[in-house]
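Two complexes follow with chain A in common, the first pairing it with chain B and the second with chain C.
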Partner chain A sequence: MSRSLSQRTPTDWSSPEQVRQRGRRNLGERMFALAGMLAVIAAMACLILLLGSMLYKGIGGIDLKFLTGSDATDAAEAGIWGAAKGSLLTMAVTLGLSFPVGVLTALYLEEYAPKNRWTDIIEVSINNLAAVPSIIFGLLGLAVFLNFMHLPRSAPLVGGITLALMTFPVIVIAGRNAIKAVPPSIRDAALGIGASPVQVVFHHVLPLALPGILTGTIIGMARALGETAPLLMIGMRAFIPTPPNGILDSATVLPVQIFLWSDEIDTAFIERTSAAIIVLLVILLGMNGIAIYLRNRLEKRW
Partner chain B sequence: MVIALLGLVAWYLGWQRARSFAPAGGVMNRMPALPSQHASFLMLCTIVPALLVAAAWPSVSSRLVMRSVMMLPAAKNLPASPMDRDSVLSEAAGLADGSIEGAFNPLSYELAKPIAEVSHFYTLTGAVLLVALALVGFAIGYFRLKPSFKARQKVEGVVMLCLMLASLVALITTFGIVASLIFETGRFFTHVSVTEFLFSTHWSPASDVVASENNGFGAVPLFWGTIFIGAIIAMIVAIPIGVMAAIYLTQYAPRSLRAWLKPALEILAGIPTVVYGYFAALTLAPVVRNWALALGMADAPSESALAAGLVMGVMIIPLISSMSDDSIAAVPSAMRDGALALGSTKSETIRKVLIPAALPGIVGGVLLAVSRAIGETMIVVMAAGMAANMTINPFQSVTTVTTQIVQLLTGDQEFDSAKTLSAFALGLVLFIVTFILNVIAIMVVKRYREAYE
Partner chain C sequence: MNTIAAQDVEISVPKMTARDVNVFYGQKQAVNKVSIDVEMDNVTALIGPSGCGKSTFLRTLNRMNDTVPGARVEGKIVLDGEDIYSSQMDVVQLRGRVGMVFQKPNPFPKSIYDNIAYGPRIHGLTKSKGELDNIVEESLRAAGLWEEVKDRLKESGTALSGGQQQRLCIGRAIAVHPEVVLMDEPCSALDPIATARIEELIHELRGRYAIVIVTHNMQQAARVSQRTAFFHMGNLIEYGVTSDIFTNPREQQTRDYITGRFG
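Up next is the complex of A and B:
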């Protein structure tokens, strides 16, 4: 063994061939790192270009009148309060329905559900619902809520229910991860001093998992707030010159308002559209910021 | 409101009563349940029956109202056909509760007043019934409270029932989607043949359908447009950028840079699609059109597959990047260390060890991304156009399944027309394809995770 090693001609590291090969490898190395950096730069450039172009076109359109007005045929008169209020009402319905259902489902699946075929089916359907195209939920809303149950068209109630169906799988998935992160020792300790399974979950596991669940809920709500396609299906694209007063009135929401304005031929609406986009993005970034803050501050590492 | 109040009162009384069970000096631990559990039991007894009635009452009472209205002398003058009669009655009901100002039919005015009276009567009846039920429930519950009564088990049973019902919502939703899509699609296929829909290449839906003839419901151009934009152009943009960005972020970027870049990518994922669509239509589409003109395409349309596909690719980047990130991070570090110890350089380790090991996870991510892209609506509605072309020229305008669904359903057609129903058939195809992609992706990712655990 040692003889065969010593008999091999040692590599001459300074031979031109070796230098060339090392150079090639080093070059390849640098090119690869560069390609990675370029990919990140490309993605960031898209983000900056997108935000920059919206800011450039729309920042001049934001004033008090724009923020407090409602839709109008004249671009100079058009404002977003009507659509924002519609969004608010719709989100209230969505949150009121999807949060309880999502949290209860997550608790059931994570803490109580027996491992059997039935649970598997529920799990697959939740994972699939989280990835079903949003427009399919719009078709569901149109067929079931409008044509079958005869709920009022264009109303935040119907929009809210439709978006809630879309949002609660997101809450379930986030909630299950948060519940899973609560260590079993907590449950064992509570059970050990005589708490019932329901008390263990509602007095101990749920409060500890709540920050994680809230983070997931905010992210899900932000997604619902930016959603357009399903609401087009159920007719929330009406021209709404006065803000809606309740969840049964005709209403529109911010993203749909953006879509409607983007279709206008009058070029004065370009500024309005971009301004509305800025408002929407500020709200969404705020929500995501709160979610990240919650995640960093409140979530315990066990 | 009333129910909530009654519930609170019941809770308080139950609490008081359970407290009184305890011997003076207050040793509670002989009882199988705490006072608050007795109280909750009593509250549930009070409000659950009342809530059920409150939920069912509006539909019952409106039927009762209509029945008594039909017996009025004025109702004799109602038109005979059920549809006309319903329209008059709904107008009258609208007048009665003040939601509409003026009616189309003079008969409605005549009926409005009796309807208002009758419905007032039934509303009162409902309220009385509700309170009575709550009181009966309260009484039954109240007399069941005893020191030895196992209130906790009862309350927890109700809680478990709620949990199980909540978990069924997902199943019901999935079932609702499948059932409504299949039902409407079935109605569509009574008008138009399946073979025409799936295999014909001519798409221009006719309003008046003639049986056994080609009515322009051939969806192949839509399928092609969807694949062209979502699965080809968008992926050409998103896969290299997404995967390379993930590699850079996990392997090369210093920690401080990574802490900034990851949230920035998440922002890209959080931008609403309508904003991407607006960007594609307003900013990118003219640029793409100029490219096409420069390349010598004389009649370049203002809407193109390329503009929509590029922006959709940008939208997909964060999804692919975060899935690749997760799967690269899941590769055991022993594999990486082994490759480095054998003398591979960093990029060789990544290309020949990490990526092959993480490939199932990355492929799963790409499948999910394709499913997202073909179901994406707003970008293509705003930027891809309406013309059903079968073309491989990215500067041409193409149309997609989702665009046509929006197009077909946002007009003011009759709901029963074949045109409207075809949207549901397109939706069903979309649902099936994305379902298959999602299930495969979920399975691939799950199996891959198990392999390294």
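Up next is the complex of A and C:
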């Protein structure tokens, strides 16, 4: 039995049932906002606690001598520059390898590769590569670069290549998403006036995708900068009292230096450890800052 | 508004001829045995209900369908005696000769100047900055946009209004001196005033370029074209002089469509 709309009794918005209904809805709204706020506070509290305790313990250890010195057996002599330079050289190798290869891979897969079973397999493999635990990459570096190719042990070159393998999938995934976000109408427009596929890619797609690609790259690099485990496997945990002069010299990196100092029995190293963590965090924040700046600077609207 | 266009029909040598063109997307056939002549001095309108294959057919004329995965074109399309699907044809150069304007205005997120200058730059049409400046001015004048933008050529093309953007896209297409200009529902995203502006522009450009326009708006086809092709379900139902198609169609399906009985 159906009644037509006009025969329905009009809704009484002030009935007790309606009032209860409104009350329940408003309570739900408030609860949700509260839960969200508590989650934010919990996360921020942990972060502030961490930063605060590091600053409290380590800020006194940061002076010119600490910033310019290298590792030493005596805590008072130990400095961070050797490890920081090792990190810089390692990152340079990582960036130099993973960025061009990652961007080319992303461009090829999005713009050129036919969509078939092979490209599906490649896509799944790259996604899986991004999820492989970092220690596995360390083992790979040890087996392939050191034992098989006989590259120098403990060197930023090998560390950089190993970390590039880890960063590569991150750049590919970020790059593909950024390239996908470029509207097809821009490609049509360029093709429609006779731009070649390579011109379409380099004049239009890449410039528009670059902010996204750079953001992904810097996030990948920041992760690589904080990576410890794979570098332990390839010998970058050696005691290095002089800063490395090139990518073939023995070196260590910031997170490994932190790991090594945290293991020392001498309590004077506690301050060194905290100070080194502050240096690492400052560099990471700086990198994220650059990522945000580049994204805002290069972003174009269409 | 000039609405006498339908009457002043001229005899003209075909610029492009399509013979028995079939287009497939995978297994599905989108265009079935279509044969049309595109004439230099007449605007050709392709009309028909949504999904009738008119846009698909348009995109075979500059091989834009090449970019669609799974698309396959059969038959013969000739531009000035050259088979555009032959292996000798350079697709990139073809698209310089047969330009295209799309349904949604799609200026590059670059300055107005660079939008126009891009085509001449990549084809190496100019030797000096002055020459390029001339082409930009000439193209913007031809697109009826010069007076509106001459003082802000450095501003972004995407900051213009929709109608201005579409005229910018037309200017961009004619900056490379094409022989044919394809327009895929160029007014469907525009308001009536901007539409009238584009239609005027089509009148002005007629004769300088062979123009093929896809439209779902029959009044527009009647206003701007001298030749009309009516498509239905991938078939070319009727092709002829626009005034004949609209006043005295040979086919019942055409009559039903233009009188609004379906579609």
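Here is the rule we go by: the second predicted complex is superposed on the first by the 261 of 302 C-alpha atoms of A that agree within 3 Å, B and C clash if a C-alpha of one lies under 4 Å from a C-alpha of the other, contacts with A are read in each partner's own complex, and residues count from 1 in each chain.
Note that in this section contacts are C-beta pairs under 8 Å (C-beta built on N, C-alpha and C of every residue); 3 or more make two chains touch, one makes a residue touch a chain.
What you are looking at is a predicted structure, and each value in this text was computed from that prediction instead of being measured.
When the two structures are aligned on the shared chain, A:174 is found in touch with neither chain B nor chain C.
In the superposed model, A:285 makes contact with chain B only, not with chain C.
Counting the residues of chain A touched by each of chain B and chain C gives the higher count for B. Residue contacts after overlaying the shared chain place A:114 against chain C, while chain B stays out of touching range. In the superposition on chain A, contact of A:210 is made with neither chain B nor chain C.
By the document's definition of touching, both partners, chain B and chain C, reach A:196. Of the two partner chains, chain B is the only one touched by A:277; chain C is not. Using the contact criterion defined above for the overlaid structures, shared-chain residue A:188 touches chain C, although it does not reach chain B. In the overlay built on the shared chain, the residue A:253 is in contact with neither chain B nor chain C.
Shared interface residues of chain A, touching chain B in one complex and chain C in the other, are 196.
Within the complex, the chain A residues that touch chain C are 114-115, 183, 185-196, 199, 203-204, 208, 300-302. Chain B makes touch with chain A in their complex at residues 152, 156, 159-160, 162-164, 166-171, 173-174, 176-177, 180-181, 183-184, 240-245, 247-249, 251-253, 261, 263-268, 270-279, 281-283, 314, 317-318, 321, 345-348, 350-351, 368, 371-372, 374-378, 381-382, 402, 405-406, 409-410, 415, 423-424, 427, 430-431, 434-435, 438-439, 442. Listed in rising order, the residues of chain A touching chain B in the complex are 25, 28-29, 32-33, 35-40, 42-44, 46-47, 49-50, 53-54, 100-101, 104-105, 107-109, 112-113, 121-122, 124-129, 131-137, 139-140, 142-144, 147-148, 165, 168-169, 172, 196-198, 202, 222-223, 225-229, 232-233, 237, 255-256, 258-259, 262, 270, 273-274, 277, 280-281, 284-285, 288, 292.
Of all residues in chain C, those touching chain A in their complex are 62, 64, 67, 69, 92-97, 99-102, 104, 106-109, 118-119, 122-123, 158, 169, 172-173, 175-176.
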